[in-house]
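These are the structures, in structure tokens.
In what comes next, subunit A is part of two complexes: it sits with subunit B in the first one and with subunit C in the second one.
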Partner chain A sequence: MKRWWMLFAVALLPLQALALSGEEAMKKSQAAFLYPGKDFKTRVMMKLINKDGQERVRELTMLRKNAGEPGGDQKYFMYFFQPADVKDMSFMIYKYPAKDDDRWLFIPAINMVKRIAAQDKRSSFVGSDFTYEDVSGRDIEDDNHVIEREEKVGNRDCYVVKSTPKGTDADFGHKFTWVDKANFLPLKEEQYDKRGNRYKLFSADEVANIKGFPTPVKRTMKNLQTGHRTEVTYVKTDYDLGIEDSLFSERYLRQPPRKWVD
Partner chain B sequence: MTTKFSLVEFSIGRPKVIIAATVVLTLAFLTQFPRIKTDTNPKHMLPETSDVRVWNNEVDKVFALYEDTIVVGVENDAGVLNRETLGRMFRITGEILKLEGVASRDVNSFSTITNVTAEAGTLKVGPLMPGAPQSQAEVEALRRALFGNPLFVNRIVSPDGKTTAIYVPLEKGDNGAEIAEKIRAVLARESGPERYYIAGDPVARDTFGAEMFKLMGIFSPIAGMIMFAAIQFMFRNLALSLAMMAVAMAAIIWSMGLLIGAGFPVHIMSSMAPVFLMAIATDSIHIFNEFYFRYREKRDKLVAIRETMQAVSGPVRYTALATAAGFAVLLFMNIIPVKVFGGLIAFGTVVLRLFSFSLIPAILTFVKEAKVAKAVETESMELDRTARLLRRIGEVGATRPLATTLVGLAFLLVAIAGTSKIHVNNNLVAWFKPSSEIRVADTAMNQALGGTSLGYLVVLASEPEFMKRPEAVRWLEGLQRHLEQLPVVGKTFSVADYVKRINQVLHDDDKKYDAVPDTKEAIGQYLFLFSMSAKPSDLDNVVDSTFQKANLWVQLKTWDAEAMRQVTHAAETYQRAHPLRVAVKPAGIAYFNLVWNDEVLGDMVRGFAIALAVVFIILVFAFRSAKWALIGCMPLLSTILLIYGVVGFAGKDFDMPLSVLSTLSLGMAVDFSIHFISRFRQRLVDAVGDVQEALLWTAARPGKGIVRNAVLFAAAFSVMLFAPLTPYMAVGAFIVAMMMLSALLTILYLPALIMLGRKWLLDEPMPAADTAPARTKGG
Partner chain C sequence: MLLRSAAFCFIAMLAPLAARAELALSGFVQQNTAFNTVAANPDGRRYKWMEERAQIKLDATGGAWRALAKGDLAYDHLGRGNESELREGYVDYAAGNWDMRVGRQVITWGLGDLVFVNDVFPKDHEALFAGRPMEYLKRGVDALKLGAYPAFGSFELVVSPGFRESRIPDAQRFRLYDPMPALTNRETLKPNQGDVGLRAYRDVAGYDAALYLYRGFQRTPSMRPDSRTAPTKITFFYPELSVYGASLSGRAGEGVVSLEAAYYDSRQDRAGSDFAVPNSQTRLLAGYQIQPVEDFSLGFQYYAELMHDYAAYLAAQPAGFPIDKRWNHTLTLRATQMLMHQTLRLSLYASYNTSNGDHFINPELRYSFTDRVWGAIGANFFGDKPWGQFGQLSRDDNMYLQVRYEF
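The block that comes next holds the complex of A and B.
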């Protein structure tokens, strides 16, 4: 019996080698999730909900422009509508793979643009359960990726990829990502803490096709240890609008053009 | 009466049945013991539905606070800011974050606490020490960051830089003892000149629990052995001494078995139950005392048993009733452990009395007559010495009643002056001995840092977003400065500290901007900016999500309940001087201690009044006379006043164990009066008719029983003077003093008072009550 299994495994080996590797799956997934189109615009409606059901709202316009191929540099621009007292605040990120981001923030109350150090990608994005890393991605090279198994999420066939950080900087011990075999979107992600307990749960709750790009327009991140969760809805999402590079500057951070932020 | 007597008759007739039944029942209660649980959480002193607990839970929820936090102190005389110590702290924190049950996301240490700084025009929000410093320059940078941020000084670093703290919050329901033990293991792996301290509520509770088991497992048996030795010395008969111990042990096992079986956890109060029951069991000394005298007169064991039971049954029944009632009064208290304790001891007392009329006579039938006869010989010799002394004491009272009473009154007046100095205070940390790990840790941390006792002032506005208004933030800041003038307050912090910090940092660290900005928008945007990078809990801990409520943290340097009262008073004063449309409500463990402290006082006053009334009523029934009841109350009232006077003058905190004792001491000390007065009146009718002579006889003969009882009682409790927790020591000292004093006062003052009031007391015809069954001579 044992021997039979071994023979079977040896017979399968070449096939395995031909199949997709974990790293390739995650690369494709990152391209599909964070890099579709040359540029991208959406209105982000964010609900921060604590375990007693109390809600806080964040509303912002998010713009993104890719510098080149998927996996390369990106620029983000965010303009806040809500909460009311932060209206007109804007936030800009230059994202580089394998290097710390550059971030700037415009504080309208004192009419000041301030550079913000981005030493901690693990910190919360605008008070939500998403970290900066969850929003703009984590370098593929930072983790080892292995396809553990294949599984359905809803009616979609998925690869289940286990990613384990190579270093110690991550706030998770390991994570599993359910990557849609057809469009490579991550439909589900489970993050485990360093003690091996499940602690964060991501789900793409609704995927819409916009200009040919499958886009998760509803997503949730839930912290299982605090019971806090963040629900995100994208509205007025669009791709390839021809956003100028000059938008991503301190000048426009102070006074962003109407057409891009509305 | 008939049932009692038939029970005695049955016990004498079928002693083996009684003993077998007792053994079987005792074994049945014993089977419950393995299920024992302890509860050392001070919060459980008040019911879960009590206002303060409901409110504190709500505050914990709104501000994402933890119920339990372990504090690890690291101390280095050469200062903690060097590469070695910082490297160790970094490693230690890393290890703690990995521990199961630790709420790692909110551990605050150098390497995890959020810092807001400005460097070269860049705003930085992130951990203070993301990695262990590799160079002296990095250490110096850290030093600047630490002391440049007022949020850190006195919280995670002492002003002299020698002490730092790691705050380790625990997930709800996790075992603090286990986690503390794992932290100790982590610390043990580090070598170096640093000293480590582990403090915090969970550690205190677990230490407490261990000490409780020590009291029950080691000190109770020692108390038992001391009593055994004392009884053996008094009666020189092993069978009798064993009988007494068997009775005590059985009563303890029944009571504790019932407590555990009914699912109650053992609290600090009920952990003292074995010692109490052992002491209460000594009341049966009166039976043995009388049996010896009777046997010497009759030389017939069974007759002696019957007559003894007849003579003492009245007093013993009423003393049992008084003791049980004294403890049962505790059932009306608000403090849960006190309630449970009251019920427990009341039950035990009833069991003991049941044994007095069954098990004791049954065992007496097995006593070899020859041995009794031999022991009784020594008894008569003893009688001469002790009894003569007692007679002489009684004589002082009986022959110089007025002088004796006046001297007593003078003492009482001084004592009353002392009671006015009594200071009600519960300080849970002070319950540990100064040399205990927890006290040492607490003292060291209170000296170096802002204080280990934590209170909150929750500021409630009537509308959302209110806490972003400049006037509200400034008001909070002003309140903090006002509170910090109190010597008990070590450190405060609130949302105002974050706002000011960000304002300064945004303006290139210019001290001019260490202030609250002028617009609501600026504050809102600052806090938003902060929340973009900080840990969610940083803001959650100080404001609610709608900015309608703010939470001001007050670190206190003492666990005295009074400290929080000063804080709330200061807050009221501030609010009067600076009116703002907000309400301020105290919360937190320090506030809980204050509420609980006040409950203790209220309970004490109420309990004392009820116990006094109940005891008086029982005396009225026992003596069939209100006058005699009044006289009977005097020795014990004086005893309690005298002891309270000493407590007042000594400046000892009047805390929960003492307050409980004051109530139940009534029930225990009144025993002596009951024995004395009923036997005296019996004697007066039976024999002489001469009041003075009857008094002296009572002082000598039942008086000896009283003294034996008091000595045994005190002997049992003297063990607690060496107990590991100060409340146990206080209880031990209190009971020893109370027993000796009330025995002395009974024998000295009752004769004096009876002589003084003999016209008033004795002009009525003696009632033919069961307290005076005038059947035998010499009874």
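The block that comes next holds the complex of A and C.
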């Protein structure tokens, strides 16, 4: 274990010496947040809470497999447990960094697999305050990134990176991300709408170390304009399980194997 | 009786598995009512549908085995009484690169949205027109399904020992076109053999490609009078049919494109000269779906049917029977808007046949009151010629309500 830490420290040295650009910080942040391990499995418990405190629950298993290096292609598989009217539904995404995703949905009510259009990046993920981009990432090249300052979140030293979309397709006007200087996880994110008003607030509320990968196992996205928020808890999270590539297929979309979705 | 014996078989099959299986129980209770907005039914009632229904779903998994039973207890207030049925009941076995499913199961092929090119499996058209929830559009088949997944493609073979027909609207509740209404001596002959289908599919350059083969029967009946000049009896039967088809879907521009084609080989009348048997056909479908803004999606379809032996058809059609065109073109639109964190869904489906004016419109509003309770209100509007698929139902317009509690 100690040796790993040494390696880690050595690997970090040149980076500390050179000034890090905003883009590099966000690349590392994406690698730490969305790419750790060769593959990943978690049970996602989502609470959608409105401003009056009323709750709705979304529960699913999420599996991810990387095709190669961080920043490269990924495959996602999701299987829904709750609410009852989407139970047994499954959903698959082939994610490509430079072009639109491919998405398939299995609708158990009529036993049909449907490809669905996916170009709208702002779309809410299952009705929550998270967009698809918040869940599976936004292309680094879509924004300009500048390190504005350094600041602490709790007791963690962070870079504060300002990201401004190059195009007009984003859900936000600009955003600030507090990137942990040690492990590069985004600990906080403030999104502003296109008029410059505070819009959404993300926080990584609890970070656990799982198989050596620091993982935000509790996170919240709050819409500051509507008061609606979504709290996410990861349970049974694990990495490097040897998920086969064949899982991400129509066969298993129709009949998800228990061992992967439980 | 069928339900009981099926349930018994299911339990018997379940027994070896039960010892180490994980068991999950779920289901719902539901109320479903549809009332007429234009005229009464042929039977004088003003409702198309009025029933309470409870579904129990048992799902057992143990290793490579899985068993599922979905049974409905239902009571119809419009004269049918007990409508309980086994919706699905099957056992799955999954190995490394093959699997199988035995029992009653719902199978859906092809890409169409309420347009069926390669989906040769039985449907419940009455359910669609009477405002029932979407899952009741499909009827299960009692079949063995074998899946094989070698590296070069995936294969699905479906073998049914017995034929199961589509359910067409009940003539007591819907105004179906009947060229010989005075003739009441009628019988229905069902095929006494089963059918078989094969689907092969794989990825081709980022597109989902599939081939379909089917050998069986038409799912909706044809009618034959015992005499063309002085008929005394009508026999309904299901003509022999083979279907050879293909489909392709994938991304195109900002949306998803779907293409589908099939040749309907009417084996019982290849010359096309028997007026009682549908002519051989080609069916074509092109669809496009996009999501222009958040939580709003649009789907367009163009669907065409081409009759193959049109001259023979014209020559064979009895005097006084409606004449179909050689080409039939249909356009459909589906628009769906999700609101309030996707708990409220507004949707519209519209179908218009440009060849004969036949149309069908289905607006719907669905709201999830809680994670367990949802309700929907919608309407079915039909129109045009009295012998068209939808035109014959033009006085059957209805509005419907669905409320469901899920557990």
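What we mean here is this: the second predicted complex is superposed on the first by the 244 of 262 C-alpha atoms of A that agree within 3 Å, B and C clash if a C-alpha of one lies under 4 Å from a C-alpha of the other, contacts with A are read in each partner's own complex, and residues count from 1 in each chain.
Methods note: a contact is a pair of C-beta atoms (placed from the backbone, for glycine too) under 8 Å apart; a residue touches a chain by one contact, two chains touch by 3 or more.
The structure presented is a predicted model; accordingly, all values stated were derived computationally and were not measured.
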Task: Have a look at subunit B and subunit C on subunit A after the superposition and call it: clash or fit.
output: clash
Message: For A:S123, using the defined touch cut-off, is the partner it touches subunit B, subunit C, both, or neither? Pick first, second, both or neither.
response: both
Task: Check whether A:N111 is in contact with subunit B, with subunit C, with both or with neither, and answer first, second, both or neither.
output: second
- prompt: First (subunit B), second (subunit C), both or neither: which does A:R56 touch?
  reply: both
Query: Of the partners subunit B and subunit C, which touch A:D100 in the superposed model: first, second, both, neither?
result: second
- request: Please indicate which partner A:Q255 is in contact with in the superposed arrangement: first for subunit B, second for subunit C, both, or neither.
  value: second
- request: Applying the touch criterion given at the start, work out whether A:M89 contacts subunit B, subunit C, both or neither, answering first, second, both or neither.
  value: first
111-119, 201-209, 255-263 or 363-371: stretch of subunit B that collides with subunit C: 111-119
- request: Could you tell me which stretches of subunit A are touched by subunit B in one complex and by subunit C in the other?
  value: 48, 50, 56, 83, 85, 109-110, 112, 114-117, 119-120, 123-124, 126-127, 228
Query: Touching subunit A in the complex: which residues of subunit C?
result: 22, 26, 28, 61, 66, 92, 94, 99, 105-108, 111, 133-135, 137-138, 147, 149, 154, 201, 206, 208, 249-251, 254-256, 258, 289-295, 297, 338, 341-343, 368, 370-372, 374, 404, 406-407
Query: Which positions of subunit A touch subunit B when the two form their complex?
result: 48, 50, 52, 54, 56, 80, 83, 85-86, 89, 91, 105, 107-110, 112, 114-117, 119-120, 123-127, 193-195, 225-226, 228
Message: Looking at the complex, which residues from subunit A come into contact with subunit C?
response: 48, 50, 56-57, 82-85, 87, 100, 102, 109-112, 114-120, 122-124, 126-128, 228, 246, 249-251, 255, 257-258
- request: Flag every residue of subunit B that touches subunit A in the complex, lowest number first.
  value: 61, 64, 97-100, 103-105, 119, 121-127, 130, 171, 465, 468, 506, 517, 519-526, 528-529, 531-536, 539, 545-546
